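Labels run A, B and C following the written order; every chain starts at residue 1.
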Amino acid sequence: MQSAQSSSPPATAAPSPSATAAPVLSLNNVEVIYDHVSLAIKGVSLDVPQGGMVALLGANGAGKSTTLKSISGLLRAERGLVTRGEVRFMGHNIDALAPQRRVKLGIVHVLEGRRVFEHLTPDENLVAASAVRGSRQDMARNKDMVYAYFPQLHHRRAAQSGYLSGGEQQMLAIGRALMTQPKLLMLDEPSLGLAPFLVAEIFEIVRRINQEEGMSVLLVEQNALAALEVVSHGYLIENGRIVMHDSAEAMKKNPDIQEFYLGGAKGHDFHDIKHYRRRKRWLT
Amino acid sequence: MLFRQAGIFHTDYAAARALFPVTADRWMIIILLLLALTAPLTMSSLALSTNMLPWLVWTSAALGLNLILGWAGQFHFGYAAIMGIGAYTAVHGARNGIPWEIAVVLGGLMATVIGIVFAFAALRVKGLYLALSTLALQFVMDWVISHVPAISGGIQAMLQAPALRLLGQVVASDAGLYYVALGWCLMVTVLMLNLRRTALGRALVAVREKDFAAAVIGVHSLYYKLVAFATSSFIGGVSGAILIFTFYHAATPEQFEVNVSIQLLAMVIVGGLGSIIGSYFGAAFILLMPSLLNSLIAWLAHHMGASLGVEALAHIPYAVYGALIIIFLLVEPMGLGKMYNNLRNYLLVWPFGYARK
Amino acid sequence: MDLALYGELAVNGALSGLMYSLVAMGIVLIYKSSAVPNLAQGAMTMLSAYVVLAITSRFGAPMWVAIPLAMGTMFFVGMGIERVALRRLAGRPIVMILMMTLGLDIFIRATSMAIWGGTTRPMSIGISAEPLFLGPLLLNRASLVGAVVAIALFVIFELFFRTRMGIVLRAIADDYTASWSVGISVDRGVALSWAMSSAVATTAGVLWGSVQGVDQSLSLLLLKGVTVAVLGGLDSIGGAILAGVLLGIFEAVASGYLDPLVGGGSRDLVVAAALILTILIRPHGLFGRHDIERI
């Protein structure tokens, strides 16, 4: 969607479940620079409402992972800095906090590509993540919760995690994040490399977690089709800027989203391409 | 301004493929060569034999180690042992009547053979395990050389090297020995410079970066690692032989023990992994540093009234090597060669620094 | 074949092998919790022994005070190394990390020698020099104490790595960033692993110092320590113990057999040969893990 022009008025804020309550996460005009020279995202503002489930969509290299890392604090590992704007969690500015502190507050980031602890068993993976929460009873209770959501994991809990299949590793990564008792669960491309029916299964489990535990979810995805099925509203990021923000229904029906992210509307006529390309320009 | 560059534009393939595309570089090389060739005339005989000569020979050894460590990315803790094999073989050969040149080549070949035999075994593993097995090789070689009298030449373990005979003529003057060392160093440098441009050089870099990815595109990684080990061992063996014949004039086991391996590693790290000019700088740095620091510390101790035992002074060079390795790895992991390159890049467009992207 | 002689060699060899395990354990601890092979372990062992000596001689403190103080000092040395040197090289190729630990080893060794000189100093921790008789076999009492300590440490560490903190340390070794993302304090974990390793190094230094005196040869334990660590598997504490016993027996018996034939000094050769054989046949050692590489 490089040179595309929108003929519709700028997107309005989508109706959210608890529109009157303060959002659990709020990014205001965040700008991130890597290595002091590479601008990754600019002017990014997004809100995740209390108990809501929001998607952040975009193509490769758009800045989705960077946005998540600015929230979870893992930018430091890659020499990145938030140079402008602020990140607010539950109303407090968390820019100065170290990653461990943010996890303690209740933000957890499930990394892109799973990144499970390969030489530990799934059970040990869960135990390792429970360290931040202290008590043993909590750990036992959380483990039961995780195994209830992911019975397959319980079945494989003594294997070496590096040898689990992609889908099982993704379940383990999510379960491990749940052990930290988060208020905000952030998932970075959970569908990466997974078969479609597994993607649907995992998204369904995440939706259940959102409903049953009341956990807010920020879902970053390239797979817009699957993501828009489960979230209430979504943001679209392109070249480091948010270009669209609407309810999931509206986004699914939006002809441009359909064209570029959902595989095209019916009755597509290539005769219109030249005219179309001149018309679409989002970022002027 | 210094380089008179307005960009580097070539009009034919030959110019583009030249070893030194920038004219100023070519002039610099010519001037350096002239200086090197006329050194016996301009420098005192003492400076020649105690500074220039060892510097050149150690540089060629460092270049050989750089081939395996910097370009092929394979750890080698036992390079001094390889040099020792070459040295002892050459000396034994010369003592038994073999012409000097052939004895030296024989030394190189012996080092190559043992290097390959060893590499076959060691290259099954990577990283740490390769490092450890080369370290073990070093210890085994140390032991063999010092405990087998047939090799090391008797109880005192000092093997006298016969006179260097080039084409039958005895070469014993300082200038003559210097030219021999210079000749070998230049040969190795030219080899390394050209290696970069060949398929072999590119294959080595591919293997260093990710050997299974290299295998996927048809670069047989074990074969190229073996070739790297073999070439590097040959260079090491001949350098060791030349070191004995031109500098030490007698072979003892201490000259090739594990501390020497460490010294070589320091040269390569300080000079810069994979940098040819870095090997020159690194060798000079490591050879000069200890004596400079010894004098400095002795002077300091004298002025502060403290007395430093002889033993303390003996250990300072090693402390210096260790500290240099640490400092360079922290500050500039790519060594003096990178620093030189940074300076050169800056001067290439000076004073129009903004023109550099 | 004099069975009694070889038997005695074997038993004493096993005991001193367990002492090698102490050095190996320090290496394994660091590797298990930060995936860094610490080649400076030998130098740290030697330095800790010298520090103990310095504390007792300079301040006249008794052993049971000096040893914990030395452990504390070595902890700070280790932390300093980790923070200043190793952290900078976190993502770099293993060649550079190995060179860094090697540089540290050389530096610490040489500086210690420059400060304290090369004479062997005796260290006594209250173990009588009288040998112990087990049947017809003559045992070295200090080696016996060392062996017992090694086995005790093995039990302690095995249990430790099954606890939650131990699992956290193993997680850190697997993936720093993922550990951060679930709230694990990587700094504290690494500090803990260096603390444990320094304590083990001090223990090894003190025990060895009491057996053979404190001097440069202590740092040469590195080769034996590394061989034991590799033979047992770089991330297995139990492996370090078993490998120590095996190597100790092998070294004692083989050198006892070879020494008369080759005129002495074959211990190092035997150890080096053991290292080469291990790497040839089974590089990951007896109990080490295979690196999982999903391409």
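Quick note on the criterion: contacts are C-beta pairs under 8 Å (C-beta built on N, C-alpha and C of every residue); 3 or more make two chains touch, one makes a residue touch a chain.
What you are looking at is a predicted structure, and each value in this text was computed from that prediction instead of being measured.
Counted as hops between touching chains, the shortest connection from chain A to chain C is 1. Put simply, the chain farthest from chain C by mean CA position is A. Put simply, the chain closest to the centre of the protein, by Cα centroids, is C. With each centre defined as the average position of its C-alpha atoms, the distance from chain A to chain C rounds to 46 Å. Chain B and chain C have Cα centroids separated by 33 Å. Centre-to-centre separation of chain A and chain B, using mean CA positions: 53 Å.
Partner chain A is touched in their complex by these residues of chain C: 164-165, 167-168, 170-171, 173-185, 289, 292, 294.
Across the complex, chain B meets chain C through its residues 69, 73, 75, 121-122, 124-125, 127-129, 131-133, 135-137, 139-140, 143, 147, 212, 262, 265-266, 269, 273, 309, 311-312, 315-326, 329-330, 333. Every residue of chain C that touches chain B in the complex is listed here, in rising order: 37, 84-85, 88-89, 92-96, 98-100, 102-111, 113-115, 117-118, 223, 226-227, 230, 234, 262-263, 265-266, 268-269, 271-273, 275-276, 279-280, 283, 295. The touching residues of chain A, when paired with chain C in their complex, are 72-74, 77, 99-100, 103-104, 108-111, 115-120, 124-125, 127-132, 139, 160, 162-163, 176-177, 179-180.
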